[in-house]
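Some structures are shown below for you to check.
Below, chain A partners chain B and then partners chain C, in two separate complexes.
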Partner chain A sequence: MAEKLKVATCSLAGCFGCHMSLLDIDERLVDLLEVVAFDRSPIDDLKQISGPVDLGLIEGGVCNAENVHVLQEFRRLCKVLVAVGECGITGGIPSMRNGFTLKECLEESYIRGVGVEFAHIPDDPELPLLLDKVRPLHHIVKIDYFLPGCPPSADAFWHFLTARMAGQDPTLPNALIHFD
Partner chain B sequence: MKPAAAPSIQEILEPILLRYGGRPDLLLQILIAVQKKLSCVPPAAIAALAERLAIPLVRVQGVVSFYAFLSTEFQGDYAIYLSDNITDQMLGSRELAAHLCGKLGVSLGQVRADGRVSVRFTSCTGMCDQGPAGLINFRPVTRLTRDRMERIADLVNARVPMEDWPGELFQVETAMRRSDVVFRRPLKPGEGLRASLERGGEILSTWAEDLAPSDARKHHLERGGAETLKEIYKSGLRGRGGAGFKTGIKWQSVRGASDPERYVLCNADEGEPGTFKDRVLLTDYADMVFEGMTICGHAVGARKGILYVRQEYAYLEEHLEGVLARRREAGLLGENILDSALDFDIGIHFGAGAYICGMESAMIKSIEGRRGIPRQRWPLPVHHGYRRKPTVVNNVETFAAAAVISARGGEWYARNGTAESSGTKLFCVSGDCERPGIYEYPWGVTVREVLRDCGALEAQGVQVGGPSGTLINAGDFDREISFEDLSSVGTMMVFAKQRDLFDAVRNYAQFFRHESCGLCTSCRIGTTLLANYVEKFAKGYGSPVDLEEMQGIGQIMKTMSHCGLGQTASLHISDSIAKFPSIWAGRMRTTEFIPAFDLDGALAEARSLTGRTDADAHLPHPVPQEA
Partner chain C sequence: MTNAFHLDGLEVPFQEGQTILQAALAAGRYIPHLCWHPDLGPHGSCRLCTVVISGRPFSSCTQPAMKGQAVACRTPELNGMRKAIMQMLFVEGNHHCPSCEKSGNCRLQATAYDLGMQDSHFPHQFPKRERDMSHPDVFLDRDRCIRCERCVRASRIYDGKDVFGVHGRGMHSTLAVNSPSGLLADSQIAPEDRSIQACPTGALMAKRVGFVVPIGERVYDREPISVLELRKYAAEEVHHG
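The block that comes next holds the complex of A and B.
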């Protein structure tokens, strides 16, 4: 049997909904695991990417410095990098804060918010700093494919992955990217 | 002292509504009049107009927001718009604008605190041969210099009324640098029209039905214009607006329509940057243009023509109305033209700053008082045009040519030019040359000949046909300007060896981003993406990955856009990549993709909010910013 396709996944400024949708391929997961080996991914709970992989799937946009580091590491180690879902492609829901300054956002949450005690903007060095705007992935690194949807349907994942495994250029049929 | 009570909105609107007969289809003309009166269209006026014209509020708001020269916010007693074409920039317009703003104490794009004046950039005002140029309260100013800017600032600061400003500031030159067979011997008023009436031809069935058998005028109607249409066919005349559709076929389609109500529209929305021939024609040869429209009316059976003129040329209104009045007096326009049964009259409409309105169906919308958004391509205006009636839409130069063809014959006309591009063409030459201006050549002239005649010996490239046309390098200078080879609306912007053509590309990208009407996604988003990518290269953040992406976007725009604007709005990118690769390569500091913005800068706000300075509070930009 041919070597398994190494796949890494992660969620940046996302909600893990795209990962849930990936799990929705249901029993096809069994078939998938025959041909795919997961590296870093919430699926196997590996926290660090172990080395070069064939395919990286990233959901969520980029909202803080840590997101930037993770994304850059994925770009370095993934042969093919995919922006998965609305937030990865456009910034999505988190980017709704882009209409405000970061100061306004943080003050709303940590200074003026309902029930806030010890009001101050968190400054612990453990916390990654927020970017002034939430960015889609392709603003930071080169992205090879965009898998649209909020989330992309399980079939869209399946279609994309099987096409990649067959060495084809994945093109989603209209039914899988038509949302209304 | 108490200021005199300002007139109410109603008092201001009343005479304007009266002038336009309270017609909702003249909404744009009404709004232009309000803008000129108040230097804005205030929300109260929008509401009042919606009510008086019995149209929805959003329709009025929509029209105001669409056109660059209409604004809900007060633009100052003196609204100054400076032409921002690349040819203006090459003559130092950006520095001059800064100088003017300094002298006026105003920031670009804002109204001075006392409400006296605002200074803005606008798309090309069609004075490229005598730039840097601009508009002050919609009157053109040309050949701007530091000295002239200072004089303008003094006049504004001293609050001198526009009518007392020295006339030399507003001088516009129109002399042709070179004339060929058509303009060496321009027509006398009536020459083409008489020929058309004498030639006569088969009567139009839609006209014959109007007649009682005993009508004494019937015999005149036998001069039905069909013979003139044959001459147009014989001449091989093709539209001069750029697309080059056969005029004879277009006219025949309208002539053959079953609806007796037809229209003739003349497109003088000359918005293509670098183009100014229509201005010259309307100034010095307006009779030929109106005559061509009248002849068209004769040939296709229309009784009404409309000239649609861009706002930048609205200063010609008095002159054009004067020519029309003189023609009516001379029996060349109105009822029973030259004592025949032909009735035809022409009205003038103005635009309000929108490049897209040069696109025929957008122009029709604009004439109907709506946002100038192109309609679906089918049905064509010849079937459903103005007021959904069969309509001929031709360029100013096409009508002038039609008048000449009627006077001198189609065969005579076709003797000039090439097989597929008959006759002569007006060229608008600007940029780096000794003698910018209008040149008449037979079609088929080579770029090199034009460059020689205008004194452009050091050219590295020419933008042929404006930003939506073709950018060529010296390797293409022997190509011919014709529909067979390099087709063009007649515009040639010349770039000398020392110029950085990237500046031109950047100017065009910003132009298209501003002028996209926003209807279709590929054009609205495509033009913005391209302009953003060009800015990325300007910052030194561009890479081959971006270049490839730009070409992909351009391809989508070319194939997916609704109208010609979007279909051509990426050509300057692909042309410049193909013909002048060094302007892109020279700006790449990296072969890998890097962000278009400063990553570390994106953390600056968070750093200042948290007071953090540790290493993790910084993000190195992937490539050192100093090369």
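The block that comes next holds the complex of A and C.
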């Protein structure tokens, strides 16, 4: 049997909706697992990439220092890196905070927010530092492919993965390109 | 003898006074466009309809068709440049399709699909722009405005109100509202105005109708804009004789 394609996935400043859509390929998952082995991924709950992998799928944009670290590690270890979904490609919904200062955002949530008790801005040293703006993945590292959609449809995932595994151009047909 | 030019090697007949874009659409040949509207005349600002004639680029919405012209349109180079124009339009505004009421009915988005745009390529600018929610029935979200001036023209020509104008230059240009306060609430705009229908993005919209048709069942969810435009144009041609 040919060696399986190693795939790692993660969600940065995303909602895991793209991962849900990947699972929406339904029974095709069985076919996929014949040829793919998941490394770090919320699907198998592995927290670290074990080593170099063939394909990395990243959902979500970059909103804090930990996101930057994980993204750079994925770039280092993934032969091919894919930005998945609107947040990864454009910053998406989280980037709607970019029109405000970080101070305004934090105060709105933790000081002036409805029902806030013991108002203070969280400052535990374990919390990753927030960036001034939420950024798409291609602002930080080189991205090889982009799968647009909020989320990309299960068919878009399937098209990309099967084309990629067959060594073909994984560009989406226009009918599978959606930004919503 | 009929007047005709060649578009990507195929003959396109034209009537005296028609632009290349008008003649091409009438002949069932799609050229991507955004700022042009059949009822509003040419504007020549978005450059999406750019074609090459004798080695020189022209906007086909302003260039008169002439006998014997050899016009290149759907070449890999021009399609690549069109995609780059679209990507620049997306990164210089704040186009959050997943949370936009216009998604699926949006010409900007549909044209991006049609050009195979899967990424934004350029760095996003995340500009800070003013929103105008002052009017009870209409809103203006400048984050989504591409300054094509379709609303400016429609308001002047069809609504007879002259509600809009563009002030400032280059990336600092913004859509201005012609009212004493500069707000929509003090302008003459009404939700049924042609200026609102003319907007190719979600910048100018009537309130409380954004989600009447669910996402996934909207105009460009069902059919690509290139197919839809040609059918619409053919129907209008028959209507006008």
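Throughout what follows, the second predicted complex is superposed on the first by the 177 of 180 C-alpha atoms of A that agree within 3 Å, B and C clash if a C-alpha of one lies under 4 Å from a C-alpha of the other, contacts with A are read in each partner's own complex, and residues count from 1 in each chain.
Basically, contacts are C-beta pairs under 8 Å (C-beta built on N, C-alpha and C of every residue); 3 or more make two chains touch, one makes a residue touch a chain.
These figures come from a predicted structure and were not determined experimentally.
Engineer: Under the superposition described at the top, does placing chain B and chain C together on chain A give a clash or a fit?
Structural biologist: clash
Engineer: By the touch definition at the top of the document, which applies to A:His178: first (chain B), second (chain C), both, or neither?
Structural biologist: A:His178 contacts chain C only, not chain B.
Engineer: Touching A:Leu23 in the superposition: chain B (first), chain C (second), both, neither?
Structural biologist: A:Leu23 contacts neither chain B nor chain C.
Engineer: Looking at A:Leu33 after the superposition, I want to know if it touches chain B, chain C, both of them or none. Which is it: first, second, both, neither?
Structural biologist: Neither partner.
Engineer: Contact-wise, after the overlay, does A:His139 reach chain B, chain C, both or neither (first, second, both, neither)?
Structural biologist: Both partners, chain B and chain C.
Engineer: Touching A:Ala119 in the superposition: chain B (first), chain C (second), both, neither?
Structural biologist: A:Ala119 contacts neither chain B nor chain C.
Engineer: So, A:Ile111: does it touch chain B (first), chain C (second), both, or neither?
Structural biologist: A:Ile111: touches no partner chain.
Engineer: First (chain B), second (chain C), both or neither: which does A:Leu129 touch?
Structural biologist: The first partner, chain B, only.
Engineer: Is the number of chain A residues in contact higher for chain B or for chain C?
Structural biologist: C
Engineer: Tell me which stretch of chain B runs into chain C once the two are superposed: 367-375, 403-411 or 583-591.
Structural biologist: The one stretch of chain B in steric conflict with chain C is 367-375.
Engineer: Would you please give the residues of chain A that touch chain B in one complex and also touch chain C in the other complex?
Structural biologist: Shared contact residues on chain A: 133, 139.
Engineer: In their shared complex, at which residues does chain B touch chain A?
Structural biologist: Going through chain B, the ones touching chain A are 545, 592-593, 595-597, 599, 602-607, 609-612, 614, 616-617, 619, 622.
Engineer: Quick one: in the complex, what on chain C touches chain A?
Structural biologist: Residues 90, 94-100, 103-104, 109, 112-114, 116-121, 123-124, 126, 128, 215, 221, 224 of chain C touch chain A in their complex.
Engineer: Which residues, counting only chain A, touch chain B once they are in their complex?
Structural biologist: Touching chain B: residues 65, 68, 72, 101-103, 106, 121-123, 125, 128-133, 139-142 of chain A.
Engineer: So in the complex, which bits of chain A are touching chain C?
Structural biologist: Of all residues in chain A, those touching chain C are 83, 86, 89-93, 95-96, 98-99, 133, 135-136, 138-139, 143, 145-148, 150, 171-172, 174-175, 177-180.
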